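One structure coming up, written as structure tokens, with questions to follow.
The first chain written gets the first letter, and so on, giving A, B, C, D, E and F; residue counts start at 1 in each chain.
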């Protein structure tokens, strides 16, 4: 993948024709797996992430918490999901992302209902075209809801970037790789709370503030799609 | 160190008894006859960026296959052949029994049986994958990703492998002055050269009954399983007893015959899927 | 090792002078180790495999079975056993063979006599010249008997191959490497049961059937040698 | 697999309550105000044989940074750049909580946040580290060694990293006829070319209070932490929420402002330490 | 580092100006870490080693001993401590040295006061210029004392070498690398006991005997410095 | 992390007391005197396909040594020397105490002591193992395989190592046009060039008694062990205290003298075995 000359053309359109604040086509599906207690497949453009939830189930002693459920989160990339075939052993990047994703989900799961249990959340990136951790957060949120885990609110994620001095939402891989900043954000709009933010790149304080503003608007929409998806799945279940 | 697996009472004895009662009447719990596989769906090109991909559903078992093709070095003793690498992951989202971690004996056995059943009958034309003999060849990474586990991973994985191989596209490349191979386009119009198609047929033996395409419940109550690989000419191109029990010579003869017929069903579905190459559900429940 | 032009000469003899249905010189010894509860050294030609059995002994909790003993089997190649020095860490091949060998021994050990215990079977290939897994099964069978573990029957193993369109028994390394098929078989003739079969290579259905027939004849003889070996060892013990 | 950490009652609830009582009065247990870091000591060149080194004490937290510079190969996609490798070890002598073993998620996160905060603003001039383009470049190994753990590893580690980088010396080398690069003298007088200085500021949120440079007790009772990296111009060059809780937009705005001020304190101490380059205690309790 | 022509000049001085039986400048400090129960930083010339002690604390079951405390010792080199950057994963050398250092400390710790507990001793080499294991033993001895662990006696360590046919004490890295012998010794002079000795290289029986003699003299002095260091630390603590 | 081993009451205190009673009378439980090794058998060329091999029985302790010789690259700092790699495996079939897995501290110590005792006195002429200086040399892989464990692995392993080295045969090779080294015949008639023979002598200290070649029971009741390596001229070419206890200077002097004599016994048996090179039992019970 070569660096493009410009990221935004004279009409203010991005390389794939989107406007700066426009997200890629979003698809969400729940209940896609039979064994998992909850599951979801979420796509933003070509980025496809599958999430599954098992639990709550009795914890192994070594991780059992007396006053709450413990979350176990694994973010993992399929070997065929990346530009070059990825070794299936967890990379340092996957270890870090598993941690920040766990920490982005802890605030929304009502864990004190289930002391001494654990809830396993598996996030598998099937195809990567930028934004895998934020798509993963959205998929995990849906899979938790699909599993019937009590939650304070839904979260969704999106990355904000900066190219040609313009803030843009939902970076694809080229924008991520060659842009000036990549700021993944996960939030629960119904709580007004941000549960994950990271910044790779350089932003002024003002840009930083505006980036979060931009993200919150998109995340609002994404959570609405999540709700719609869940409503439809209940409907289907009811119709069966 | 291979250890007797722990799986007590997942299916209580009473359930095994009720299954056997059905078998005595010639029936199975999901209403199939003994020699029919479950409903099958084969989708190809499910991933836009991989060189090849497929998603196979065999009942509730789901396997995704993904193919990446990269330049690499040939093995010392086969300078005139490309390299095929088959790996399988029992991803923990597929089953409460699967744990994260390096491949265990089950995923290794699965990958190695698929690998041998492709390699021994020369299903993939490795000789066509040479860029510069003895120096640069194409490496085909075939990764089998088990997404949902309801028994019979072998047949679902082999169907997924073949569907992905048969629809995969080679990359385009240029040779740099330094001799380096640079991929100029990930996906061309050129397919991988496939010499022959292969399917495996898995049968479970439960007492004296032989069942094609066992689901998870049937696997758990079974005494042992056999995986037989076939080409379209009906040759046996691989075989593996898997599981703890044993078989008589007569039972093996019977398994070969039963499996040989079932292989034709798989080949038909595979060929149909390739003809249409559209994503739609196939097979009968 | 180069590929030979022919595997079978005009007189129907193989490269090492054997007839198609002839096994290599076989040696069996039991009680070769002092610490193990049972042990055996078995050679088919240059292939030498040592097996040792420990147990039954109380299981670690994680593998304890309430109704039977669990078997733990390790097939391992000594670093000096192979053409090129082998890394001692277990290879994927060794992991698979440990599994299929365990599954070839489970049917003959009367495990329900010893619930909540484990029986350890260690199979060490000292020199490899083809057929190591089948020699390993024979050695394990003898070591189990030497350890006094209650067994339904003895097993033995042999590989059937196909070279120059002829089925042959007990492949050596050249026949294994360059032949058209390699079909290792382990069986308990006294039960009429086959406990391991694999096929690498291509066979017609008829050849497949005939291969098993061939194997059963050889395995019958091998189990006879096992019995003779055990009888002699009891005699020695009695004479001491 | 990342798992909710176990740390129940290390600080009993009653202690948290007493801390909160202090915060309500605008005080902290160690008598700092909310936005002041602890006493800081920055020593450089603490190791004679490494290319660069430093020892930073931030309260009772101690981090040693060591730099080794060796010839190596560039990454395929950046043939004209040297390589910076940042690693962090939570050495078990630093805390009863640290266990020997491969890096866990905490040390990996620490190293990666430091790495990105140096890499993204191009703090180290990687272009100056090329020996032969596309073939031989300098590899800078920056190892962060946590010796004593009393909270806020990020800020102490980043100060140690910068102090070591800013005082490190390149090796002298000769090219052998074979093309091999041979180091003729481990340490020359040439510094590493640094484009800009960076510090991180860590804040803890405890209920509605924001505390700069939390010590271990404060980290344990906190809801979440934020690590914000700044350059001397006040740009944000990296950020990471770390820990289980969440933050409102307003809280993040506040954190940015508070952290931006605290960054100036760190920069002053860092610059002072470099000016003197003598080993003496700095900062105020 | 190139091999020097001579190790000892016409005046009997070594490359760094020392006499054969002269140790490098020694620095010892205790209580340098706040979390550890005891700690010490010891330098012989440029070799710097930090040691920390935690415990006694309740043992994990798997290593719990019914009649004594178990020691857990880790000798580890910081990645920046060596000529070439060291991979942080434990090398075979570090595994062996952890064992011999543990065995050099077992005889001086009164472990039967604390059954079913473990005492952890972490030895981190910060800079290596020869003799790291012996400096490590000295640092561990001080850290144990600083932690208030009951001890029969203090130990200290020094390496004896042979260059240009002369026995020398406290090798630096050049003398270690290119000398004819390296014999690290750890001893408790107050007990007249040697708790670690190893020899890499070739010595006659007489030289071997003399080397131990030489070591004992130096170790005597080192233990005196240890005692002085501990006395001063108690004084400081008293003055506070 | 090295941890105090757990081995409580394998030999009860009463047994130790009865052993000590024997020692007070100048006797050992197996009727040896204090300074005699157990019955020894040294077989060589026990494997037809390895470059060298041996099987040593020292009482009930059995060690197999196997040597493979392969072309490889020299170390950067010794371009004119071949490479000797010594590894030891405590194979789980040798003892209920040995577990499968990567080498533990005991097997690593064993291999490293054998390695140093060969390396430091230059027992193997590494300079004779160069194919193309700085580029291709012979790598000698010496693998020690512990098959039965009844104490004193060091002496048995060193005897096995020497017997295998002294009877090993180099491969024959050709240089391909590409510069590649191809082995044309695994085993030639050329031996490895050995500069000197080395043996180790292990003694156990039990209270104030020094016992040569301790068996497992004696090792368990011993306070500590010493391993002293000798060449045939009586020089000490390696030494290692191993085990938890301590020794006085006088005890060490005594151990050196006792071990020096026992070394002559080992050398004689080793030389006899090489002269005959037939497989027969040697030594006295």
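Operating definition for what follows: a residue touches a chain if its C-beta (ideal position, glycine included) is under 8 Å from a C-beta of that chain, and two chains touch if they have at least 3 such contacts.
Quick caveat, the model's predicted, so the values are computed rather than measured.
Contacts with subunit D and subunit F are shared by E.
Hopping across touching chains, the smallest step count from subunit E to subunit F is 1. Seen from the C-alpha centroid of subunit A, the farthest chain centroid is that of F. The greatest centre-to-centre gap from subunit C, using C-alpha centroids, is found for D. Subunit B and subunit C have CA centres that are 28 Å apart. Distance from the subunit B centre to the subunit E centre is 58 Å, each centre being the mean of its Cα atoms.
Note on chain placement: the centre of subunit B and the centre of subunit D lie 48 Å apart, centres being C-alpha means. In subunit A, the residues that reach two or more other chains under the touch definition are 74. Contacts with at least two other chains are made by residues 1, 100, 103 of subunit F. Following neighbour contacts from subunit C out to subunit F and onward until the ring closes gives C, F, E, D, A, B. Here subunit E touches subunit D in the complex through residues 33-36, 39, 46, 48, 50-52, 54, 57, 74, 76, 78-81, 83-85, 88-89, 120, 122, 124, 126-129, going by the rule given at the top. Listing the residues of subunit D that touch subunit E in their complex gives 47-50, 53, 60, 62, 64, 66-68, 70, 87, 89, 91-96, 100, 102-103, 141, 143, 145, 147-150, 186.
Those residues of subunit D that touch subunit A in the complex are listed here as 1-4, 6, 8, 103, 105-106, 108-109, 111-112, 116, 120-121, 224, 231, 234-249, 252-253, 256-257, 260. By the touch rule above, subunit A contacts subunit D in their complex via residues 63, 65-74, 92-93, 95-96, 98-103, 106-107, 111, 118, 181, 183, 188, 191-205, 208-209, 212-213, 216.
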